[in-house]
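The following pair of complexes shares a single chain, chain A, combined with chain B in the former and chain C in the latter.
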Partner chain A sequence: MQNFISGIAGFFTRLKSIHPLLPWGIALVVLLPLPQFTVNNYQVYLINFICIMIILATGLNIVKGFAGQVTVGHVALYAIGAYTSAVLSTKFGMPFYVNLPVSILAAMIAGVLVGIPSFRLEGAYLALATLAFAQAVEVYIRVTNYLGAASGIGGIKAPEFFGYSLRKYDDYFYLVMPIMLAAVYASFAILRSATGRAFMAVREDPISAASMGINVRRYKLIAFVMSAFYAGLAGSLYAHMLPGYVHPNNFTVIEMVTVLLMVVLGGIGNIWGGVIGAIIVTIVADITREYYFYQLLLFGAVIVGTVLFMPKGIGGIIDRYFVNRRFIAAREETAEVKRGIVGGSPDESSG
Partner chain B sequence: MKKTLTCLVVAGLLASGSSWAGEIRIGATMRMISENGQKYGQMMQDEFDAINARGGINGNTVELILLNDECKSDKGVANANKFAYQDNVHLIIGSTCSSVSLPIVDVTAQAEVPQIIPHSTNDQITKKDSAWVFRVPISARYYKGVVAKYLHDKVGDQVAYVYASDAAAMSETQGIIQQMRDVYGVEPVYEAQTQEKEIDFRSHLLKIKDLEPDAIYFGGLQEPIARFLVQSYEVGIPASVVRAASSAASNAPVPKLAGDAVQGVFFSAAYSDSDTRPIAQLFNSYVRNRYGIGGVDHDFSQAYDLIRIVEIALGNADLSLEDDDLAADRTAIRDAIANVQGYEGLASGPISFCADSTPQCRDGNRTPVLIQYIEGGEDFKVGILDRVTMPIEFGL
Partner chain C sequence: MLEVKGLNKSFGGLHAIRDVDFSLPEGEIRGLIGPNGSGKSTFFNLLSGVYPVDSGTVEVNGKDLTNAEPHEVAGAGIARTFQLLRMFTEMTVLENVMIGYHNHVQYGPLAGVFGFGRVGREEKIIRREMMEVLAFIGLEDFADIPASELSIGQRRLLALGRAMAMKPRLLLLDEPAAGLSPVNVDHIMAIIVRMKEKFGLTVVIVEHILKVVMETCDRVSVLDHGVKIAEGLPQEVRDDEAVVEAYLGREMDDEEVKRAIHA
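Then we have the complex of A and B:
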């Protein structure tokens, strides 16, 4: 099993050395026939939902994992993305390709509003401020008739391209899956960029970062806006998926805790961890659907347990595994070199 | 280890895609986060178990898959998708909340699975032009007409309205306000919306007290209704001001929580605990004994009526119950439900459906009963004020 994992990792490393986008292209090709391998349409629906959750969790990871900002308002940005698409589609008859960028833009503008308190607040205080924002958005939607209030907004049209509607779940998969891959790739690109390094500097020590010439406020704000981009994207994709219905009950604190769990379980700041967390949590939530009362208890216990016993999450364990493998390999290599020096032929040693 | 894993995977795949001939599969998604919500679900399970114990329907057993949607549309949609595509059910029952039933209508229409609604009242549900949806409870469009007429004719036009942020309460209350405005030319003396989980209504009630209205109307779920009634007396609104509430006032926790404050409150519902018909008396004692309920509300009766209608329809449907005939069986069940005419059970009026996908054909019951609380508490008493069969086109 270990050799298999190492083999896969090595294979992708080699592909990346040929072209950075090659592994992603292969992942896309491998995932394309996925709906054909599912047993039924419900599983395709679940895969689509997982893709949306991956985008949402990846976005949260940028602000929380990369930049270290404690936010619990991410679900409000998701709601803003979803409701912008819903309003544009149902009240103005706009098509998906217009709704998607506008929803992202709306979420990004809201992301600026959420990000501003981070200039002065940190930790629990920032969490409270963003929680208040999330609650305010939910309440505002719930009491605004134009936004469907407590009845929600239905009849959001499925995306249409050249007259072909992506109303079926397996058609929708071909939209949501490539977008998800692109979003995860972009997240890696951000992490590797100067911006990503600035985020991490801000996360580790804002004062040191500032002393090194990093504009802390600017990068905090960029992190919130980038994170909002992902939330708006996820929200719009959620709104346009069958049945094309959004309701304030889908954007509550419980949903926020669920997304948070994905990131915490996967490993805060670990992109693959967030992806794995989104997959695991969505599947576990689905399997435990019949045990509603115990589900929240389970989620809470997993968060506490992860923080106590696995602070770097599943991603941390995977990272440690690869680090250990590299360490062992390096140690063996060094030992072989030493053996070569010590046990080499007299001719070689004499020079 | 590998063998065990393989076995588990194979078993999982088989279980997820499996279906069994000779078995009618029904998926029910309901709000089961409250004590009563769980009991409605339990009653459905018990009734189908009883049908199976009697030999099933035409010799076929019924398997009920009961899931909780927590009154959340995404969970309800996931449940409906699971029923339609994974469990391959023949019929979907659900949901309790209008905000969940509304999106499920689109899922069942696309999957072509018949859906029958036990509790949701929002009038938009049957206006979606789906050929696959049927509603047992009374639509909000009928409720609002009856309440508005009673307020205007018997109480007075000076009415203050407060309503919570849930789909059914909003639909009912705004409908009544609209009805009063359009038919009687009367504007509300006070109108306010509260939060879904808000429990302190005294700021509204104090303002209402100063306006000295003829009546106060509260639209909401059961617990907020009870609190609203209690607080209306706490702020000093006299008993002479008539209290009215949305159809959720029928639910047993309202008189239990509100106690004496519930006296005189009127509401419209599909069933009255004080119904003197033998079938109603029998049903009341059955529910009281079996589920430990003091007073039986219309959500119990509607769930019961729904099961009987389903039983009739399944009995009349020509089903093969073979995997390959799932689509044909679903269509047969849909057509059999559409053929149910003049069903008389516990409901306030006969329930009839027809083939067209219009609200006229799919809102089965159009006879709301106006009910007034005589006594509150665990063993509450109610009386019937009026029973009105509404014109089929009303509110469209």
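Then we have the complex of A and C:
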């Protein structure tokens, strides 16, 4: 097992050295025929839904995992994305390619609102403030007739490109899967740059980060708006997916706990962990759908169990296989740089 | 270089800093000493923007930094270290130093998505430059280890490395040698002096160990109860009556002592 995983890791490292986008291109090609291996339509629906959940969880991982801001408002941003698309599609007859960017923009603006309390609040207090926001959004949707109130909005049109409508789940997969890959790639690209380091510094010690020149508020806000981008994207994709129906029950605190479970189970601050968590939790949630109330009990217990016994989640366990390898590679690189320095000016490196 | 005039700061009823004037010419190593609770750390926190000041002004190279945000202070070329270190313990030693370099990174926050080639090239350069910093402080062998696994002495070195990566002009060191053995104290002081000479820095050192301050610093300022009670060459300050009194306390008359004991 260990050899297998580190073998894959080595393979990807080699691919990346050819071109940074190559592994992603290969992942795209490998995933393309996925709907062909399904038994029925429902499985394709589930795969599409998993893709959307991966986008949502990846977004939450940015703000919670990397920047360390405990937000419970993420599901409200998801709702805002979904309802913006729903309203634009059903009331104004706008097409998908207009709705998607507008929904993302709406979620990002709301993301600023969720992010502002983080300037002053921390930990559980921030969670409470953002929870209030999430509840306010959900209740507002439930009582507003324009937004379909308790009966939801139906009849959202499927995306249409050049006269071809993505009305089947199989077709929708070819829209949602590449977007999901691009979203995961983007979060990798950003979080592995100086921005990701700044997020982590803000998470670990905001005062220290600030005194080293990081504008803490700015980076908190960037994290919130980035995660809102992902939430809006996921929301819009969800609204436009068959059956084109959004209901307030899809955006409750319970859904928030589910997304939180994905991130916690996968490993906070671990992008691949979040992806794996999203896949596992969505499938388990689907299997246990008949036992709805026990499901919550299960999820809550798994969150507590994960935090207590596996604080770094599934991603942490996988990382353990990777780390040795990465450590060796890093040591080699370090040694190389060191040789360069020592060779250049020996007096600087002594002492 | 650094001009502080009439600085005041109170926490409730405690007047922590009282009308402190502080003037520092370029290129000097200044020692800042005083008994526990005399306001040394508070003074640093006021300079670096962690606390807002009640009144007074802070000027660096003619630029007003009174009540500036900490990151603005850092942007003006002032680096500080913390008495309690404040490492990013879950990040590697190299990443810790890279955070210090943050303000010098050329690409924007979202450049990673589209400009991956450019970001990759620059990251490589940053990595190399930061390895040189680690080599300077002697931690190059620990680059990829989480900072949490370093010893106290190594963390003190890393704190210097993080400050050095910021490429500052003024360095504020809050007890850089606290908790170290005498050998390590000498080692870290030697590094501070070498750093100062190599980069032409101006340095302020808060320190408890008087011997260190006397040996390293060009001039020494003394705080007591938030008031600057003395300033001058190390020799002068050591022989100053007010300083001796602040450190050792007033000698009591025999009778007074007796009364205190028998009370």
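Note that in this section the second predicted complex is superposed on the first by the 323 of 351 C-alpha atoms of A that agree within 3 Å, B and C clash if a C-alpha of one lies under 4 Å from a C-alpha of the other, contacts with A are read in each partner's own complex, and residues count from 1 in each chain.
Here is the rule we go by: a residue touches a chain if its C-beta (ideal position, glycine included) is under 8 Å from a C-beta of that chain, and two chains touch if they have at least 3 such contacts.
What you see is a predicted model, and the numbers here were worked out from it, not measured in a lab.
Once the two complexes are overlaid on the shared chain, A:Gly123 sits clear of chain B and of chain C alike. Contacts of A:Pro311 after superposition: neither chain B nor chain C is touched.
Of the two partner chains, chain C is the only one touched by A:Ala201; chain B is not.
When both complexes are overlaid on chain A, the residue A:Gly7 reaches neither chain B nor chain C. After overlaying the two complexes on the shared chain, residue contacts for A:Pro101 are found with neither chain B nor chain C. Counting the residues of chain A that each partner touches, chain B and chain C differ, and the larger count belongs to C.
Residues 39-43, 45-46, 49, 139, 142-143, 149-152, 154, 167-169, 242-250, 286, 289-290, 292 of chain A are the ones touching chain B in the complex. On the chain B side of its complex with chain A, the touching residues are 13, 16-17, 32-33, 67-68, 70-75, 77-79, 81-82, 84-86, 88, 98-99, 102-107, 110-111, 122, 124, 128, 164-167, 169-171, 193, 195-196. Residues 20-21, 185-186, 189-195, 197-198, 200-201, 204-205, 207-216, 219, 222, 327, 330-331, 333-334, 337-338, 340-342, 348-349, 351 of chain A touch chain C in their complex. The touching residues of chain C, counted against chain A in their complex, run 48-50, 69-71, 73-75, 79-80, 82, 86-91, 95, 98-100, 102-103, 105, 107, 109-113, 116-117, 119-120, 123, 126-128, 131-132, 135-136, 138, 140, 143-144, 162, 166, 187, 190-191, 194.
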